[in-house]
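Here chain A shows up in two complexes: once beside chain B, once beside chain C.
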Partner chain A sequence: MSRLREMATPAGVLVSVFILIAGIALARGGDSYAIRLATLAGIQALLALGYQMVFGHAGALSLAQGALFGLGAYMAALVALSAGGSGWASLSLPAAMIAPALLAAIVGAVVLRLETHYFALATLALAQLIHLGAVNWESVSGGANGLSGIPTLALFGIDAARGWPMLLVTWGLVAVIALDTAWRRAGLRGAAQDLARDHPLAAASIGIDVARHRYVEFVAGAALAGLAGGLQAHVVGVVSPDGADLAVMIGCLTAVVVGGRTRVSGAILGAILLVHLPEWFRWLENRQLIAYGLATLLMVVLAPDGLASLFDRALNVFRPRRRAPPLPALTPSATLQPVTTGPTLRARHLSKSYGGVRAVDNVSLHLRPREALAVIGPNGSGKTTLLNLVTGIARPDSGTVTLDSLSIDRAPADVVARAGLARSFQTADLPATLSTLDAVAVGAHTRPDEMARAVAWRALQRLGLEGDAATPVGTLPAGRRRLVEIARALATRPWLLALDEPAAGLSSAERAALASALSRLVANGLGIIIVEHDLDFLARVCPRGICLDRGRVIAAAPFAALRRNADVRAAYIGDAR
Partner chain B sequence: MNTPQLLLSALALGAAYALVAVGFVLTLNAAGAVNFAHGDSVMLGGVAAVMLGVAAQAVGLTVPGIVLLPAVILIGAALGLVIGALGFLPLKDRPPSAVFVATIAIASVFEQSATAFFGPAPRSAPPVWHQGAQQPLAMIVVAAVVLGLVYLVLERTQLGRRFRALAQDREMARALGIPATPLIATAFAAGGSLAGLAGALLGHQFLVVANQGPGYMLKAYIAVVIGGWGSVPGALAGALLIALFETFVAASLSAVWAQALLYVAVLLVLLLRPQGLFGEPAGRRA
Partner chain C sequence: MSAALHIESLTASHGGEPVLRDIWLSVEPGHIVALLGANGAGKTTLLRAVIGLVASTGRIRIGDRRIDQLSPDRRARSGLGYVPEGRRVFAGLTVRENIEVAIGGGGKLRGRRVDEMFALFPSLAEKLGDRAWRLSGGQQQMLAIARALANRPPVLLLDEPSLGLAPIITHEVFGRLRAIANDGVAVLLAEQNATRALAIADEAVVLARGGVAHRGPAAALAPEAVADLLVTG
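And now, the complex of A and B:
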């Protein structure tokens, strides 16, 4: 039930009520033009919901959405025209969805790993190819004139005529997609998706398969673009290259940016405005496209979260302030450590070079549960690189990493995290607007929300952070945020934990508290590997340690002996020999 | 056309593309963000050349296009400043994709304004030099002179050194007291004027059409990807390669195939050599 409650945002309710009223008004006295316009708004909403998946939820700035819409329109038109009233006509919409989805699946496999601007360029090139095909492959696409006389939508012998039937089909599809998306994004699962978009590395470190998430959203977004295009072909009856050009793309970008990049209600609102505003601003004649551009620009600069979020903030003024999150009930399964003993981490002969620099050179180490291993060394000695190699963030040039019999040196970070090896970073990447409790609970997002929050509460308790549970993470001081990040790593319920300078930025009292918290975790069965400069802090937690210098292990010993080691002192203070 | 003639027109086209691509890279390096309205600045440069030519004729002057170029360059610089002020400055502390979306919006405003006030039909800008036959040569000479100037400024002046410092490490440049905002504004102005100039040069032979901006944008983009993200000489080489490719494929197959194969080629480059043909690794910088 809490999921349903979280889905019902003020903006969502407002948009739903508006659509209901508009529907009643149409039923009581809407002419065919008004119905057609409302249908086109629904089609635009489907396109925008699809684009939101790509640009909003996956964070991939695709410029091909308009062209994929056009491709869907052409596919539906070709199937409907060649079926000529036979049963095959039912396949027009499936074909409209499958062709763009297939294309996106092929292209996405290659280009989704590219950074923003390269991805945008690749999708723009794809869009231009589709448009070129539409204009020039005349025998199929009808060239610049396009295809006309497209019959109405026929599904299994039932004819969805233009007018009310098509309006209901379109808005029915909008409702299904919108509710499904809102359901998938309610609560912690949405927070996990946002983390994957904003901080992919942090998301991977708590076991989220970021690449898969991006791929699924990109392909699903393309399928929705095709569906919208197919519906458009049936409603309008003609398709032309104009339906695949950049103006369609700009329109759908406008709808999503104006309405709200990640809000389902925002996409629908943006689409309705996009289709209906030109009607209200007839005096602009054909210059409404200028206004679209200006509106997008204004929204990006002034209200980057879009209208839906503005509504929410405005309407929240009238609601009682959200109370602090209730203390989650502690269930037995919310304990952090498994009762059985976890796997042993073994790294053998790891080496990694960047350019000509050997960052890590033939390093071996092992870490068992109930053990704490310190990694020390001067700046630039390869400590963080070593953690990256062990946790799947970087791949070693040579050497192996295993968790018991499982080989993880070629495994991506999310697989390593799911295998039970969690980590923290020097920069704590946390979603600033979430409460501390929820930011930690994202680490356990695969469980039901209540259970995840219970796990998170326990993790906060372990680190003495329960007082901050209701505070927005973004308002915590930097040192505390890093503790929150450690709590999030704990919420994944790891066997082993890799910490990168956990004590930096903490006061001495906080350091002492963290040291004893970590010691308790170790006593309870967790294995910890810590990169840190504060040797007194390490001495309290780690019985043994290794010292790196220029990528090599120069000493491995019980920690007290390590501190006295001459080589270690020389490495830190400078070569005095 | 025979091969030497083809080569000449390819070089002329490449010279204009090089202006577009170098302008794009200058802004990219200074601002650390993609200016998607760059292609539409090229188009508006062409529009400015057409309008100036019409205005000159209206007062009874028949001048070669070269006389109009300084005015076009100034208009381009103003456009660049507008883009920087609206699409970059308010967003400089936000993720690069915000600037990307904002400049897409500006590009759309430019294109739609041109459609509304200049008309959607293609028009021809005045030739750079009187006779049409000398046009390619004139394009090459003008572009070479201007690019030479850009090179001198970048390599031999304090301003150029500051630019390169900013491009290499934004944070460090700021820490050293290099004033970023005036430099970025200068880069937007320079990028805009190079784009405008290119538009005026291209506008005679290839006509000026309101919706041609994204095409030029894509060319600049492709040139920069081929040449290596952020590299000025790379952009120049990339632009020349694109022009050679387009001209010779168009001559042996067709203009449509030239476009289509170019887009396929860029997808292949991104797939096989994302670091560009000669450049630094892709994906490291925003």
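And now, the complex of A and C:
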């Protein structure tokens, strides 16, 4: 219920009323043709909102959305036709949503693991199967002729006739879905979703379950496609295999690309244009399609991020300057580290080969809280692979990794992160448009926004980055962005931190500042393992270290002794022994 | 045709941060300059800046000809041979084809150049019909060098040719490099294996944090001194 309360903000209600009025205004003139077009635009908007979940928010280029729309239409038609006038007719829309959602749930479990273009091909195959089913399963689907005589939508005995009632139902649903989407994407939740889409590895390393996010969006998007299809069946009164073919898919893709991939307003705008633009060019008669094509092309060229982004730019002209986000009120619980003592990381006999090369060969190490361990070694000695094995990004061929009694060597990266072991990467993957504060706060995405920002503020303070809090993170110099990424890892409130070349790209002043910041964190109870080439930097942070050469630990010693160790020196200059 | 490579006041940045600052370096024909330094010191970036894969400012000349305004492919045709890190041979092509693809010119010239390369690397001649993926690491490295040399460039750039090779193979590859230099090629050799590189180089340049930390005759620089520069600090 808190969710409903949260959705029902004055602004939210205003927006949904506005969407409803926009839908009604489309049908101005009031003749049945105008009303029908406006209703179809609303149906397209629902389809596009569903496709935004899959393509926009999950980043999965599905080509099955049109076929799932068709499946929904068939389901609604079958339920409505077999129910006759009985109360079962109310189930037409639920059935239209459940069937595509179930299908997506089954198929998604397998195909969502595929890479972009393979995923697109797999969903295209699914679409073809649905289409083939519609054509060939004549006893149920009516074959190529389809099903006709579908009654109007009946909800609990109330008949939503074609015309104004159906228009209101459709745009009412658009308003509700739009509001729900806006709520689900508000604040840091949206930022966390975008990170999962754009930088899945970085997202996993701060505890976001990327696979689950993609799965949920794929299934929810299918349900919305089915809902739109069901409405269409009731409005048009007939369904045929044409309703499940690729043209529907292309229309839906066009609407989302033209309107905007992730903005609610973009989906609605794109859908309205998709339905109404051909009408506006009707006076051109047989040149209509050319004009429609040119107009679409023009929109994509002028507003590559979608028409919704044009509104943002226009609004920014009136807004003099974006205000800095309000500084969060610090609460006592917004500390970075848990008060209890953290677990000990133990890696035992880790090995990993890539194509015959032993990248890591029988490596064991341990890291306790309040410890800093340096990992050094020449190029290609297996340092980054070792970090990947320890943090769940790669799986060892043999050996174990534990956090106290918890085994993490087979755990995915997001589980490792949630268990308290965070990491940074050699490349700082940050969402460029967010403020630095919010980019860090995404690390604490499981908390309410205000609390997450308070934690992020603490993390920025620890690294001396408070001055950048309001700056868009994309405008920071490369070295500073690396620090922001470390701050984001800190915002997950880890017990242990794994850093991959944290000093690369930093000026010597920034290196010195980072070294003392890390030392303070260690003194406060954090355990840190650092892969780094700058040995002077490591000397300031790490009391002890290990040196790898060709995947093996060739020395483990206090850091100063490690640098004097004959084997280490030999490894660095490639002395053939 | 021989010409020297001159790098003058080269500065390269990555993401707004300078990675190399004001590097001056020359390689004379017939000389090998060993470019040493720990990982991250900027060796690879310097080679990539010279071939044009990384944007840089400053002047780069081959002999009297400035090449710093050219695209990477034009630089290569102006006389730069480049062997990138990790032996990027065309795995599906044969040894002969791998060399032939690099040669601009007619069949006759092609045949002569391929023969020259096989004379330089006799162990490749035995495998001329084999697909490149079947070669050992050391043979692949020699093939990558042969491909870079196939157009007889006056300047050869090599990035970590010893990486992943057994010591005995490294010894063999480096012996070939000395022979190539003796033919009049100017060789710039980026290496982490200082011991091996110093054994064949004429001059040594040690990079640290984007600048030149040491330069001098290779014979006067002991590997132990490099270790002092790189490890002990």
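Keep in mind that, in the parts below, the second predicted complex is superposed on the first by the 526 of 577 C-alpha atoms of A that agree within 3 Å, B and C clash if a C-alpha of one lies under 4 Å from a C-alpha of the other, contacts with A are read in each partner's own complex, and residues count from 1 in each chain.
Assume a residue touches a chain if its C-beta (ideal position, glycine included) is under 8 Å from a C-beta of that chain, and two chains touch if they have at least 3 such contacts.
Keep in mind that this is a model prediction, so the values were computed, not measured.
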item	value
Touched partner set for A:Ala557, first chain B, second chain C, both or neither	neither
Which of chain B and chain C A:Leu81 touches, first, second, both or neither	neither
Partner chain(s) touched by A:Val568 [first = chain B, second = chain C, both, neither]	second
Which superposed partner A:Ala513 touches (first chain B, second chain C, both, neither)	neither
First (chain B), second (chain C), both or neither touched by A:Ala105	neither
Contacts of A:Ala478 with chain B and chain C, given as first, second, both or neither	second
First, second, both or neither for A:Ala504, with chain B first and chain C second	second
Partner chain in contact with A:Asp536 - chain B first, chain C second, else both or neither	second
Between chain B and chain C, more extensive residue contact with chain A	B
Which superposed partner A:Val216 touches (first chain B, second chain C, both, neither)	neither
Interface residues, chain A side, partner chain C - complex	357, 378-380, 477-479, 481, 501, 504-507, 533-536, 539, 563-564, 568-570, 572-576
Chain B-touching residues of chain A, taken from the complex the two chains share	59, 61, 107, 110-111, 113-118, 120-122, 124-126, 128-129, 132-133, 136, 246, 250, 253-254, 257, 286-287, 289-290, 292-294, 296-297, 300-301, 304
Of all residues in chain C, those that touch chain A in their complex	14-17, 19, 38-41, 160, 162-164, 167, 170-171, 191-197, 209, 223-224, 226-227, 230-233
Of all residues in chain B, those that touch chain A in their complex	34, 86-87, 90-91, 94, 96-98, 100-102, 104-109, 112-113, 115-116, 214-215, 218, 221-222, 225, 229, 256, 259-260, 263-264, 266-267, 270-271, 274, 282-283, 285-286
